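Take a look at the structures listed below.
Consider the two complexes below, in which chain A is the common component and chain B and chain C are the respective partners.
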Partner chain A sequence: MNIFAEIEKILAELLDLEDSDITPDTYLIKDLGAESIDLLELAVAINNRFKIPVKDDDIFLGCFRHYMSEAEQQMADTVPYIAEKYPFLTKDRIKEIAARTVEGPQLKIRDLVDYVTYQLERARHAGNDDS
Partner chain B sequence: MKGTFTGKRALILGGSCELALTLAQSMIEASLYPILTYRSDRGLQAISESMLPFAGRFESHYLNFGERETLDTLFTDIAEDLDVLIDFVNDDYESLVASADEDMTCRYFTENVSFRAWILKRAGRAMLKKRKGRLIYISSTAAERPNPGQGFYAAAKRASEALYLNMGLEMAGRGITVAILRPGYVNAGRGAAYIRRKGKAVLDKVPTNRAITREQIAHTILFLLSDGGDGINGTVVTMDGGLTSGK
Partner chain C sequence: MKRRVVITSIGVVSSLGCTPDEIIMSLKGRKVAFERQASDGEVVVAPVRNFNIRSYTGPFKDGRYLNRGAQFSVASAIDAVRNSGSLKESFARAGLFVGAGPNLDIGGEFPEVTKGNIDRNDLQALWILKFLPNTAASVISQLIGIHGENLTVSTACSSSLQAIGEAYRKIKDGYLNCALAGGGDSRLSSGGILAYKKAKALCIGSGKPEKASRPFDCGRNGFVPGEGGAFFLLEELEQAKKQGSEIYAELCGYGCSLDAHNMTAPEKSGRSAKDAMNAALKEAEVSPSQIDAVSAHGTGTVLNDEMEANIIFEIYGKAQPSVIALKSWIGHAASACGALELAITLACMRDGYLPEIRNLDEPCHGEVKFVRSGMSAPFGTAVIENFGFGGQNSALVVKSVY
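Now for the complex of A and B:
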């Protein structure tokens, strides 16, 4: 299954995008103008399409800045601290987001793809464990 | 009551109370499909007895606001397919604020406010798939004018109202709307017992000198659910015979 293509299809429908120029590096909020109600619909649609649990705060990195500040208060290293909270993000991606949070929401389509991939993988492992 | 209704499947929380059962029967007559929840054997028995003539035209499911997992089971059992939610659940914790037990306070708000937020999340997401939904919360005039000892009840009602109203604000653009009904003295269930206990003095406070009947409540809810009542969103409808309009 091409997860990116499926998410692109969902976004085109939800956000009424005609000639979609979406790439994995497209910003969901900055480029596509998604609002909070759109994100809610997207979470429901992803849950429906891929049959995976979707936690809105996780998939949309809703607490990223909060976790950064928690790490700082606890004098912990930011990247491993956030990696524990968002295990679907690579360390490089966490560094990239952390460096640019002041510029506004950093959520990219690739983050959604990574979340879905991670959850599908977890579901597959859970299925294997059951058998 | 004649009216047109866009959706048919109506989840009624607190489905074993007299008001819910009266409403469920009116709904069936209006070709809606009530899904009643109960939280005790006694509740199930009340539903079974009252709804006996309507077999096959409604469902009943267990839901306990004190057991979070029952919410998952309920939504799985109804296949997350609902058009309407009507919330009658009405727990009471009567205590002066300065007398209240701390553990009871936590439990009361978890069951009567937090649990309601979890329900709204599930219902809102289910309705979002259809881009259509209607939610009615049955509150109370006690939310606005509590008596001494009703602080917790009033706080839970106001907090729950706020959650519902915000749903109406946030999701109306996706076809999901909300109305709150605040009945005053009602001649059913706990209200009827209160009126009996306090006597005529209670109804003397109501400008119409009458309690609201369960049929009136059912009729009003059906109107709010109908396509004609659809414009009433994110607001409170008070139905108390004028009780709270004067001093």
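Now for the complex of A and C:
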């Protein structure tokens, strides 16, 4: 299954995009104009399409800045601290987002793909454990 | 000086066509869209074929929250704005009055809730919006940029005529200078059909679909569900003149009332329905003998048509107007019927044409002047009337400006 293509399909339908030129580096909010109501629908749609649990705060990185300041308060290293909260993000991606949070929401389509991939992997392992 | 209210633009989406000219062509060519319903062959419906809301709105994501009735509302409102030739900016202070019905798509849309959970994959996060009656108003206001006084009216089959009546009053009384008013509805979903079939309100049978809707005929046995939408731009007369707006007709009287009698059946004597019609005539400052035509509610149900024929006869006495029944052409568009029937009546008024009541072989009243064959007949004044479940009555008086 091409996860990116599936997410692209969901977004095109949800946001009624005619010629979507979505790439993994497209920003969901800045480029596609998604609003909070759209994120609600997107979470429901991803849950339905991939049959995975979707936590809105996780998939949309809603607490990223909050975790950054938590790490700061606890004098912990930001990247490992956030990696524990968002295990689906690579360390490089966390660094990239952390450096640019002041510019506004950094959520990209690739983050959604990584979230889905991670959850599908987890589900597969859970299934293997059962057998 | 008394403020007068005129209609300066019409947007309509109907099974007879989507412009006044198309509607007149269908009426004169006797073209109707009645057909057997796909999932229940006993029932005849009158759908708007090939309707696609995106041809009115272009791509827009909130379309996902519009039920089919709300789609007709939005499409016809946009069409009315477009046909007015006015800039979108001029609508900022306009009012918005929408007649809306419930979404009855219970099979296709409404989920079964078991132990507080809903087991459906296609359920939207905000599925509630497809069921809220003001969703159409919200979308129309966003697309056009309307900020003024507003109201969503949900009084069953009387809704959209009352929405237009309330808008008329707001302008007449000086609260607004212009308003968009109308409504859209569809009950053609399997849930909608089921609802009216169980209520024994539908025409059930196996004959030719075109024969199903027969208002005021002795052999009538129920209505044919239809769908569509119509919106009107209402303006204060002096403002309309100043702007050089095209004037279709003057709205000059409105009345509404409640039977306080029964959940579905009209009160037999039609006393309250008559009150609504008399109030509209009084506000219009016309006597019954000055009315040329009546667009009857004429559902084709046994009870409505009997009551309605009697009160038409009583109100107009020796000067009976020509009575048309547009549900014999488009079926019953539920909460949108008043707006659609006003749009069609105005198209007829402009063309000077009175369409026959289809399938009227044996009239249920001998003295009422039912139009039996389509004819060229200039008419300058008309009453539109609608009655709804719950004993809701309304009437509107329109005058030609020609």
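Criterion: the second predicted complex is superposed on the first by the 131 of 131 C-alpha atoms of A that agree within 3 Å, B and C clash if a C-alpha of one lies under 4 Å from a C-alpha of the other, contacts with A are read in each partner's own complex, and residues count from 1 in each chain.
The criterion applied here is as follows: a contact is a pair of C-beta atoms (placed from the backbone, for glycine too) under 8 Å apart; a residue touches a chain by one contact, two chains touch by 3 or more.
Being a predicted model, the structure only gives us computed values, none of them experimental.
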When chain B and chain C are modelled together on chain A, clash or fit: clash
Chain B versus chain C as contact partner of A:48, first or second or both or neither: both
First, second, both or neither for A:37, with chain B first and chain C second: both
First, second, both or neither for A:18, with chain B first and chain C second: second
Which superposed partner A:103 touches (first chain B, second chain C, both, neither): neither
First, second, both or neither for A:92, with chain B first and chain C second: neither
Partner contacting more residues of chain A (chain B vs chain C): C
Steric overlap of chain C with chain B in the superposed model, located at which of 8-16, 26-34, 80-88 or 98-106: 98-106
Set intersection of chain A contacts, chain C complex versus chain B complex: 37, 40-41, 43-44, 48
Residues of chain A that touch chain C when the two form their complex: 14-18, 37-38, 40-41, 43-44, 48
Residues of chain C that touch chain A when the two form their complex: 59-61, 63-64, 121-126
For the chain A and chain B complex, residues of the former touching the latter: 36-37, 40-41, 43-44, 47-48
Interfacial residue positions of chain B with respect to chain A in the complex: 124-125, 128-129, 170-171, 173-174
